[in-house]
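Order of writing sets the chain letters: A, B and C. Residues in each chain are counted from 1.
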Amino acid sequence: MSKVAWYRAAVIAGVVALLEALCLAGVIDKITMPAPHVIARDLWRMLVSGRMNAAIAKTLGNTVLALGLALGVGIIAAALLHRARAVRDTLDPLFATYYAVPVFAFYPFFIVVFGLGDLPQILIAFMLGVVAVIVNTLNGLDRVPNVLLKTARILRLSPADTALRMTLPYAGPYVLTGVKLAVAYAFIGVIGSEFIMSRGGIGYEISFAYANFDNATMYPLIVLILLASVAVNGLLGVWEQRLLARRGLR
Amino acid sequence: MTGRPPAPLHAVGPIDLDIRPGEFFAVVGPSGCGKSTLLELIAGLTPATEGRIEFEGAPVAGEAPDGIGVVFQEDASLAWLDVAGNVAFGLRRSALTAEERQRRVRDALKLVGLSDFATSYPAQLSGGMRQRVCIARTLVMQPRLILLDEPFGALDQQTRLLMGDELLRLWRETAATVFLITHALDEATMLADRIGVMSARPGRIIDVVETGWPRERDSRIVERAEFGNITARLWHTLRAESMKSIRS
Amino acid sequence: MSARFAGLRNGLTLVVGLLLLWQILYLWTGDVALASPLATFRYTARLFATESFGAQVYETLRAFSIAYAISVVMGLGIGFWLGFDRLSGDALEPMIVSVYAIPKLTLYPILLLAFGLGLAAKVAFGVIHGVIPIILFTLAAVHNTKPILVKTGRVLRLSRWQMIRWILFPAAIPEIFTGLRVGFALTLIGSLLAEMFASQRGLGYLLMNGIGLHNVELIMSVTLVIVVFAATVSVVLLHIDRRLHGRV
């Protein structure tokens, strides 16, 4: 293992060990947080019993839905905006300040309009992710060098062919950056909304467990989300690295 | 061909030029004189405002005609395809069988000396090799006219000389007509049968120099006495034009 | 000058467009779900006239400012450390990036258990949101220092401190500022989210209160205040950010 890998392993092990020690010593009391090994055990039991499966499925389903929407709408919107300079320039301040505005502030509004179902969550998650996709896709489209577009014309490619075989592959890595962000945001949007106000899903279960002082459920769920988020992000990151390495960009 | 491209500012012209089949024609001129515009006019990438451009008897306008290949100065290799994929990309629209395509790709790679790198990616290659990939992609379509817009501009001097040798060899082996734009006078003198000298913007051809070199030539031609004379003549014409260009 | 005018015009068009969209949505959904822009503005004006609203705003701003101050100090400190200490930087940066992607709302119960209800929890939540971009951008700023700048400093025989003060830090400012700008936005989001449900004070609390009472005008007014504040500060910071980057 490389030095860097050792370092990381040491940091993680150190933090877990520290928490374990503090818990066992009673510095962190059981009501605040159970010891790491207890959390691990409870997580295992919870997964094995399958009682969270419905919640997990719900959260996962909504996340994927929101992600699909964000990607679909985002990429198409970016492709259209790229050709409509005036509209793009007008929307530019919106995109630039978008992530400064707490999108969650619109959640109450969505609940009032659409009721307390899945739609408000999906909308929030979609709203969070779509601009990241648009901005990054536009960035990729901007960067397609003129020489490649000229080459496409010399090779007499049709507009569709040019878009699919020149522009899209070239912009790929930048679109992927947007995808990574959209995945994270979809997750954050859905779980956050479930947490604030919802009738089901993992976020709701955490909120419910918290209200009922049920640490045996709450902490394992939190750890589950942490692990899932890190894993998905990590996998996307590895894919991104491979893609960029092949192109000599990293 | 005769022509002027559309621009509120006249970029080029008027120009009256005839390129003979099978010859190697180079164009030199001060920066900004419209050399690239001229090339894009011939390639059909830019329409002319006035005049006519003809290739093999048919007019050129708006679309790149069949039978013309172009190599640009910037790296136009496709980073996401390997070398073989890059070269094969040129055959996308052709009605060849898969076998035919593979054969042509192999031949093109052999012509430019990249057979050993068929599965490498452009990112793993040097600048000169990437330019050769672009040349191979052009050659695979077996064009009758090859346009090169300062193809070696981004390379160092030694590589440029060697690439010049390569280009001459390819010219002989494919028997194509070659139209090369360069700002390097020695490069033009070494490579071309005839050299067109462009004035400062709006660029017109103010002189055409015949080098009279034999077809079988390489970079060692620089050792000949006439080489110095020709280059001197080019510079003599260009010096005044270049100063105009710098001032504007 | 015309560029600035165009920017202003675009901004105004956008605002007008959004207001129109709002009005149309209101006409579509009716009073049960939305308040019209006009009604919302009136309600907001009335809110500001009441004394208790001022107290809520102050509460939010207080929590946010403390959180931001801590985020900046921690962020810069850790960012510089990781920037200069290559091993730590390489090892920990991906881990910090992972934290960025975690739905931090799920950590909220832990923070509540650790800090109890109230200001400390709000600040903690704001900090975990805001400190991350500041760390990452500061780290990147140090890593991206052009080697030529360091060489220049050494050729000028500057001491380490002088180099940092006169060359390295000024060069890093644009990127650090971007981190501070993003950190500002995220800290605000974090502390607002914290207020939304386990605080009895502040704008976030008012928002949830509005939902509970189904007071549509209240919900919209508070949302409006938050959005206008966040957007305005963001635009100002963005403007500064662009000028800093244009400078370099």
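Heads up, the rule we're going with is that a contact is a pair of C-beta atoms (placed from the backbone, for glycine too) under 8 Å apart; a residue touches a chain by one contact, two chains touch by 3 or more.
All of these numbers come straight from a predicted model, not from anything done at the bench.
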Open item on the list: Just to be sure I understand: the centre of a chain is the mean of its C-alpha atoms, right? Then which chain's centre is nearest the mean of all of them?
Closed with: A
Open item on the list: As a test of understanding: of all chains, whose mean C-alpha position lies farthest from that of subunit C?
Closed with: B
- [ ] Quick one: name the chains whose C-beta contact count is the highest of any pair.
- [x] A-C
Open item on the list: Centroid from C-alpha atoms only, then distance subunit A to subunit B, rounded to Å. What do you get?
Closed with: 48
TODO: Using mean C-alpha positions as chain centres, tell me how far subunit A is from subunit C in Å, no decimals.
DONE: 19
- [ ] Can you check how far apart subunit B and subunit C are, centre to centre, with Cα atoms defining each centre and the answer in Å?
- [x] 53
Task: subunit B to subunit A touching residues, read off their complex - done: 40, 43, 45, 63-64, 66, 68-70, 72-76, 78-80, 89-90, 92-93, 121-124
Task: Parts of subunit A lying in touch with subunit C, wherever the complex brings them together - done: 3-4, 7-8, 11, 31-33, 89-94, 96-97, 99-102, 104-106, 108-109, 111-113, 180, 183-184, 187-188, 191-192, 195-197, 203, 206-207, 209-210, 218-219, 221-222, 225-226, 229-230, 233-234, 237
TODO: Write out the stretch or stretches of subunit C touching subunit A in their complex.
DONE: 6-7, 10-11, 13-14, 17, 29, 32-34, 87-88, 90-92, 94-95, 97-98, 100-110, 112-114, 182, 184-185, 188-189, 192-193, 196-197, 207-208, 210-211, 214, 216, 219-220, 222-223, 226-227, 230-231, 233-235, 238
Open item on the list: Touching residues of subunit A toward subunit B in the complex: what are they?
Closed with: 145-148, 150-151, 153-157, 161, 165-166, 169-170, 172, 246-249
